[in-house]
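Each in structure tokens, the structures are laid out below.
Presented sequentially are two complexes of subunit A, the first with subunit B as partner and the second with subunit C.
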Partner chain A sequence: MTEVNSEIAQRQNWMSLLARGDVEHFERTWSGIDLKPDYDVLRAADTGMVMVRGRAGGDGQRFNLGEMTVTRCSVRMRNGIIGHAYLAGRNKRQATLAAIFDAMLQAPGCLDTFKASLLDPIQDALAKKQSNTDRKVASTRVNFFTMVRGDD
Partner chain B sequence: MNLNSPPDQPLAGFIEPVHDAQRVFRTILDAMSHPGKIISLEDLPESPYPLHPVSTAICLSLVDHETPVWGDAEIAVSGQAMTHLKFHCGCPVTADPKEARTILISQPQDLRSFDQFCIGTDERPDLSAMVIVQVDSLVSGSGVKLTGPGIRGTRKLKVEGVGDTFWQSVIDNNKLFPRGVDLILTTPTALVCLPRSTEVGV
Partner chain C sequence: MYVAVKGGEKAIENAHRFLAEQRRGDANIPELSISQIKEQMSLAVDRVMTEGSLYDKDLAALSIKQARGDLIEAIFLLRAYRTTLARFATSEPINSTQMKVRRRISATYKDLPGGQVLGPTFDYSHRLLNFALMAEGEAPLAEQEAAEIETYPRVTSLMNAEGLIEQECADDSVDVGDLTRDPLDFPADRDVRLQNLARADEGFLLSMGYSTQRGYGNNHPFAGEIRMGDVEVEIIPEELGFPISIGDITITECEMINQFVGSATQSPKFTRGYGLTFGEGERKAMSMALVDRALRARELGEEIQGPAQDEEFVLYHTDNVEASGFVQHLKLPHYVDFQGELEMVRNLRKKQDEMKAAGE
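For the complex of A and B:
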């Protein structure tokens, strides 16, 4: 059971990274693969809208925050493994590549092969972006103090 | 059918989703406007057993989240058929034939009547189901005599692979008008429509 859960968590992790990756990085990785696996497109990349819902404070009433543009794609490799991708925006090529990578990573042993070349750079880029934002936020930080008055 | 695909996984859908769905929709519209006219369809998508490629194409064009699907025993057992439709159409699958708006029948020999399905009400006849019946073959020019809207004079249609009670249940269905189901009979490559308005003379 735990093994299944950790497999799911692993896949969630790489799918989330693939959704936020950069299409040029995907193209470079794809063209760097010598033996490109054959695949069939189950559901060609298509763009649509999904309603994003939120809760104030995480536990309030649900409300519709707004619609966002999402592109999705599903492919099937010749070994029968199916890969899916859902990502923000309208880049169909990126969705197709992300779905192919999702299918490839599910094959045994492939995660180790592609982690360094495919996933780590995305992780690093995201971490860098986050630390930049953190730094900018920190530099304009204002601390509020409550003066304690002598009430007694 | 793709042999590499495990039996519980969906197959590929339309290659050009928009154009293929429009093309199939036009064909169904043509067939529904001319009851009893046999129309063949080409460039069909992959189809899970036991669905005919034509039945699959009709479902991919018409079925969506508002039209729950019910399949007879053979289709329900196959699993892949329903997985395929859920994946591509986003439709709910129901075990209650009254609740379904799309009915798929692969073994019409066992079919007794159509009023086990949703036939709509006098106020809302549009709420009725569309019934896709898979048959062995369709031949025009002989067989039962069809009359009604969309048919100039009469048209003859011979259907193989259905049980003895099939035509009686089509006649009973017509008597329910304006309620009743709309039938689409399919072979692997062709279809013919029998809307509820069509009268059958055996």
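For the complex of A and C:
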């Protein structure tokens, strides 16, 4: 059970990174693979929407805030493994490559092979961008001080 | 009687060509790109996404360009595009306590866990025209400081300890109403009201919120907390059966805290009004929170004194696509209707003249 959970957690992690990567990095990684695996497209990349939900007061009753564009794709590799992708936005090529990568990464040992070239650069770019934003936000932190009034 | 009138096709076609030329403006001036609008008119983009009810910055920027900067027209374009897309899934509720915060302020507590960060705000600016922006200059840079890892607990959660503030009830077994699928029905539950307000015209909500502050609806609010930043969106696709993260969206959230004197069954306490928008939409989120609270009058047993507390009045008039359509349909040909009315007024006048003549 724990093993299954940790497999799911790993997959959630890479799917989350693939949803935030950029298509040029995906293309470079894909073209850098010498023996490209064969795959069938189960569900061609297609753009639709996800209804985004919020909660009243942030923690109460659910409500529908509005939709966002999402592109999804599913592929099946020749070894039978199925890869899925759901990405915010409308980039069909990115969704197709993300679905292929999702399938490839599920094959035994593949995560170790592609972590450094595919996933780490996405993680690093996100961390760098976030840290840059955090530093700008930190410069706008309000430090209140109380004026000491003279007693005499 | 309905009389089909033909003609005008050529005029319409040419009017649209004229519009296209006017939209482009002077061809000697460089054309605006979608990425320029997205980057430099980002608050217009955010407003169009919120009221167009579709989070997609490129499409919102495109609609602004196509609409010549008329945001209500742009919202209409985005709403129309939205109807061409299928809905793949509904997200798990976004969690704003996990937000990557770019702004977080409270008007009720000076020192609160996580502190106050102003972020990119117009507040405290002098509203003097900056003529330097008329010249092309170097891109300005923000200051940077070492950042600590901060968590930002919800301000209302800090008041829970004393039980001085009402608790939200999160019952996820209750179905969530959806105005894009079912028409508005009264009395409207809070989920439907919040969806309606989230899509609502900012100007209308601003005025409605303002009216409550001026006394049309008993409302004594404090901005308990305003936060803006990025949150993760998660869905559980059927084929996977576990949640996956599909990307981040920027949202603005406002929680208003309002005095409530109590009723026969409830002790005096603070109540809450909630506002939420896509992107950076602080004015809209604050207005929404005021109106959300005002619309809770029925639920809290308050006397309905002002228009902002009247849910039929408010919820039927929030949507600027509907409002614009109904107002603007008046310019379409009503030749036959008008002929009918002309005939009626002529008859009335004739009758009046006859009565006058008979009386003399």
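The rule is simple: the second predicted complex is superposed on the first by the 139 of 152 C-alpha atoms of A that agree within 3 Å, B and C clash if a C-alpha of one lies under 4 Å from a C-alpha of the other, contacts with A are read in each partner's own complex, and residues count from 1 in each chain.
Just so we're on the same page, a contact is a pair of C-beta atoms (placed from the backbone, for glycine too) under 8 Å apart; a residue touches a chain by one contact, two chains touch by 3 or more.
Given the structure is predicted, the values throughout are model-derived calculations rather than measurements.
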item	value
Simultaneous placement of subunit C and subunit B on subunit A, clash or fit	fit
First (subunit B), second (subunit C), both or neither touched by A:Ala107	neither
Which superposed partner A:Phe144 touches (first subunit B, second subunit C, both, neither)	second
Subunit B versus subunit C as contact partner of A:Ala127, first or second or both or neither	neither
Subunit B, subunit C and vertex subunit A (Cα centres) - angle in steps of 10°	80
Subunit B or subunit C, by number of subunit A residues touched	C
Touched partner set for A:Phe63, first subunit B, second subunit C, both or neither	second
Lowest inter-chain C-alpha distance for subunit C and subunit B in the superposed arrangement, angstrom	6
Touching both subunit C and subunit B, counted on subunit A across the two superposed complexes	74
Of all residues in subunit A, those that touch subunit C in their complex	8, 12, 15-16, 19-20, 47-70, 72, 74, 84, 86-90, 130-142, 144
Complex contact set, residues of subunit B against subunit A	2, 4-6, 9-13, 15-17, 87-88
Interfacial residue positions of subunit C with respect to subunit A in the complex	49-50, 53-56, 58-59, 82, 85-94, 96-97, 100-103, 110-111, 115-121, 142-148, 154, 156-157, 168-172, 174, 176-180, 190-192, 194-195, 198-199, 232-233, 235, 237, 239-240, 242-249, 251, 253, 255, 272, 274, 276, 278, 292
Residues of subunit A touching subunit B in the complex	40-44, 46, 74, 76, 78-80, 82
